[in-house]
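Below you'll find the structures, each written out as structure tokens.
Here come two complexes built around chain A, the first alongside chain B, the second alongside chain C.
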Partner chain A sequence: MADEKFDTIVIGAGPSGNACAYTLAKRGLKVLQLERGEYPGSKNVQGAILYADALETIIPDFRKDAPLERHIIEQRIWMMDDRSYCGAHYRSEDFNEEQPNRYTIIRAPFDKWFSRKVAAAGALVICETTVLELVRDADGKVIGVRTDRDGDPIYADVVVMAEGVSGLVGARAGLRPVPKPDTVALAVKEMHFLPKETIEARFNLKGDEGVVIEAAGTITKGMTGTGFIYTNKECISIGIGCLISDFAETGQTPYGLLDSFKSHPSVKPLLAGSEVKEYAAHMIPEGGYKAIPQLYGDGWLIVGDAGQFVNAVHREGSNLAMTTGRLAAETILELKSRHAPLTAANLASYKKRLDESFVMKDLKKYRNLPGTLHNKHLFTTYPQLLSKAAQTWFRVDGIDKKSKEEAIVHSFFKARSLKGILGDAIGMVRAWR
Partner chain B sequence: MHIVVCIKQVPDSAQIRVHPVTNTIMRQGVPTIINPYDLFSLEEALRLRDRNGGEVTCVTMGPPMAESALRKCMTYGADRAVLLTDRFFAGADTLATTYALAHLVTKVTEHWGAPDIVFCGKQTIDGDTAQVGPGIAKRLGLLQLTYVQKIEHCDLAAREIVVHRRAEGGIQVLKAKLPCLVTMLEGTNDMRRGTMEDAFRAARAEIVTWSAAQAQIPDLAFCGLKGSPTIVKKVFAPPPRAEKAFQIGVEGKTAGDISETLVAEIFKRQPGLEQDLTKSAGADF
Partner chain C sequence: MSAEPAVRVEDKLFQNRYLVDAGRPHITVTPHEVPSPRLLSLTKVCPAGCYAQSDTGQVEITTDGCVECGTCRVIAEPTGEITWNYPRGGFGVLFKFG
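What follows is the complex of A and B.
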């Protein structure tokens, strides 16, 4: 073993690590993947929605045997106050297509499936093994890893850190900062089991059709965060998450938030009679473009959540993870094919590939948004005003429509002043562009 | 020396559920583990091997998915693993299981030499009978040392072993001739963490998988459901307790405050209790 050397060591068996290891092994490279969990997926938590495109690029026929739950035909966005929600719903028969675009999935079986593909492609996958540190040569180039198991270091030409948001290898080596409380959210979720027919009746679905609900408003008690409700085949995933800095500041508890989200009058009937069989919590990088660390160096690359690759606005993460994993693999394959050393200068082409892809373009577009969203009016004042306005508008009570309009406009200015509203609006538009 | 360790893959009893209608154990989706009692025997086997040299062969009878349990044994440091799997073995009780395993050990002997010791777990957490180890010993004509707390010494040259065995009312110190069968008590050792080399070997190992025919099991009539005289007459889940535990939340600055509010709250829920207590307190003091 001491004289054995791998082309690549991948740390972590989540979406980014699996995408990377699979792409490399499929093309014949000698790959070792190390995962600290008991099995791939045992430590991984997500809502979860799978965006088909990113996986399709890597495994075109994944629909044949991947454990998918429901394909999504309806998206609901809810602005909530304590007693109501204002919603935008989009449902289309077009989403009932041959190769659907989005699916709900359950990560434990999905990650196991993905990992079996990685192993079948020829990578050596070893679980229950934690990488403690990177091993460097005299010039500082990363040449391998040391694990928590006794033995010599394991050597490789390049180490890909797919270790997730809370992975410590990169941080210990000083290659990336430990994520700060205001760039990481803590999300909690529960799995509520219900008969298939009940879910279909409650959400107006048939067969494998699914609905996702994304919610924001007073459910986060003024903190920056969102809630979600996803339909799986025989259970409903419900969760909520906020910035860790907000939890620290307000003293709110994640489970307290989830409990009150679950007992909201609009949510409670959806879950009635269900049995909770699982609960989980996980951190989500929310720092966006500005929080992305250095992504490559002599003998190393960073992919997935470890690189803060999450688009918080569009609730995209696993697809960015898979894409960054694939692009890292393609970078390594290209350098290997022309026998180029895996130095920082050569691996810089990984960053170039990222910049040219939707990953960096999307994150760059929203680079100012994390700061702008740190505004409690967006999560309390406006949802409340919106709900009140809707109620004034829809209630028929003998008051004339012009007076109603005036009352609505007045309520906005009274709550947030012209300057405040303009400031919020300009901030949002600027951050969005 | 050659040591054979018999293990079983069992559902993780911490996560098991009973079907409300059929009263059968719902195994689907329940994670599996190596029977925890087996690990004490495996660790003891690995220690003996490390001391005396030789090899540890782990064997099991089970469905194809039991391969993962065997691979895990190799991650701990076992040298090889053999899976006996065939639909003929399904539904086996302990009598049929010992028949198959005893013949499996014989077959292992043909390939890799006779074991000096066969280890089994004390019992399984799903069957709880503690019959399989002694059953194998009987069928193979091995001396059996069950409920072993400690292996004092094992002398390969003299072909003898001295163990401490837990017995009713004390500890027996027993000297026996090799080969023998040993079942270890729980808590007698701590399972090691395999080295990186073990992890590599386990990940790359080909788990030897034999069907009934390949293992040359002589008579299938003694295997599986057919060979099992045990009849399960009734399976039932005990009725859930009618009383429910309450969680009482109280606030207060000092322990005294908290306990006073707590006691008041308990008395409010159970008025009879207060009367009983004050009555008996009055009688005593």
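What follows is the complex of A and C.
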């Protein structure tokens, strides 16, 4: 391999790396993809929800053979205190469509499937190989990589770093910073297996219909974070994640937090009798627009989680990963087609493509939100107030409705003051716009 | 949710598949006399419970159950209190589901 030179080396076989390698190989470029896991997916963790649109653009007929779990017909958003949840649910028969928009997936089999497509498109995929460092020429241009397989460099015109949120290669080369504790969350997750019929009965589903629940409130014990419950065909993915800076400050253990979430009176019955088959943990970029590093340079590009491409508000990540991977590939293809060198100046068109896409538009829209969410009240005070208000409202106990209304309004001002509530509201509205 | 029983992370890790690179830990703790609060926080924050305090007070790591999330790297690599690498290709945690 030492004598060979590739058009592109892709580091990592997650959604961004696979989207990139597939798009390049499909158009005839000579692609080498390196993955440190025993098989693609063996190091990858996600909730996981697949947004069809991003994959459909790359592989239009993916539904034919991709390992999909359930198409999502219902989204539940829960605000929780220790004994209750207050929810907004949206369920529609419209989501039972011929080409559903969102699916739950299990990443290890899904990534294996995607990788088989990459190999079939003509890329050389090599697993069990950890990339140690980038190789540069005298001018600093990236010209290849060195792996732990043998010491010799492998050369390429461009290296795409799809190495994930904790990728070492880009950081070691000084191309991007190590994520900061307050711009990245740690999420832990378990896979709870149950008979298909049990899942369908508990979640009011038939066939391949699925439900996803996103939860926030006192389940994170004052930390900035959320929990989730996703239905797969024969198992339930349940997880919870918070900012690493919050974990470090509070001394809460991630597994303790997960078990506490699992034992919540509203959650426990959903999992009853299940068999746990895996416990996983992963970091999630939460810094948004302001945490995005430099994305291109002489002979290199960054895609996916390595570039902090996660929309924390909408819980979108893998679609941003696939889209950034595809746009990186299209940038390379365009430059190659006119024999232009893969310099920083030319690769800058990758950034332009991103800016014109939903990826940057969405992240830019919420650029101030991560800061606004560092607010303990959002995760403790308000869920508790909301629960109390709902209970006051629904309980019939001889107290007149006007007094109840006054009690509810009073409880909010007592807990958070007029200034506090206005401040939180204005901050949220500003960050949302 | 008031009285929580102690959660044993070992019971959770027991479900996972690993290929341990015996004798080649991919993370090491820099020798120290007294651990900083930052280093000490790893005994709680690590989702696999890889970090523990020894009888003499130092923070130690056993990487066998590591799920390679990178949390300790984010907290303690920049200060030089730990060194952090990925395991050699093929070794480490092997998620069946992910």
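Please note the rule applied: the second predicted complex is superposed on the first by the 432 of 433 C-alpha atoms of A that agree within 3 Å, B and C clash if a C-alpha of one lies under 4 Å from a C-alpha of the other, contacts with A are read in each partner's own complex, and residues count from 1 in each chain.
By definition in this document, a residue touches a chain if its C-beta (ideal position, glycine included) is under 8 Å from a C-beta of that chain, and two chains touch if they have at least 3 such contacts.
Keep in mind the model is a prediction, meaning the values are calculated, not measured.
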Which of chain B and chain C A:Gln252 touches, first, second, both or neither: second
Partner chain in contact with A:Gly151 - chain B first, chain C second, else both or neither: first
Contacts of A:Asn346 with chain B and chain C, given as first, second, both or neither: neither
In the superposition, chain B vs chain C on chain A residues touched: C
Contacts of A:Val125 with chain B and chain C, given as first, second, both or neither: first
Partner chain in contact with A:Asn368 - chain B first, chain C second, else both or neither: neither
Residues of chain A that lie at the interface with chain B and also at the interface with chain C: 128-129, 147-149
Partner chain C, residues of chain A touching it in the complex: 36-38, 41-46, 48, 82-83, 106-109, 111, 127-130, 147-149, 165-166, 168, 178-181, 184, 186, 188, 190-191, 235, 244, 247-248, 251-256, 259-260, 263-264, 276-283
Contacting residues of chain B [partner chain A, same complex]: 75, 193-200, 203-204
Chain A residues touching chain B - in the complex, by the definition given at the top: 1, 124-126, 128-129, 147-152, 154
Contacting residues of chain C [partner chain A, same complex]: 1, 4, 7, 9, 12-13, 15-16, 19, 38, 41, 44-45, 47-49, 67-71, 73-75, 77-78, 84-90, 92-98
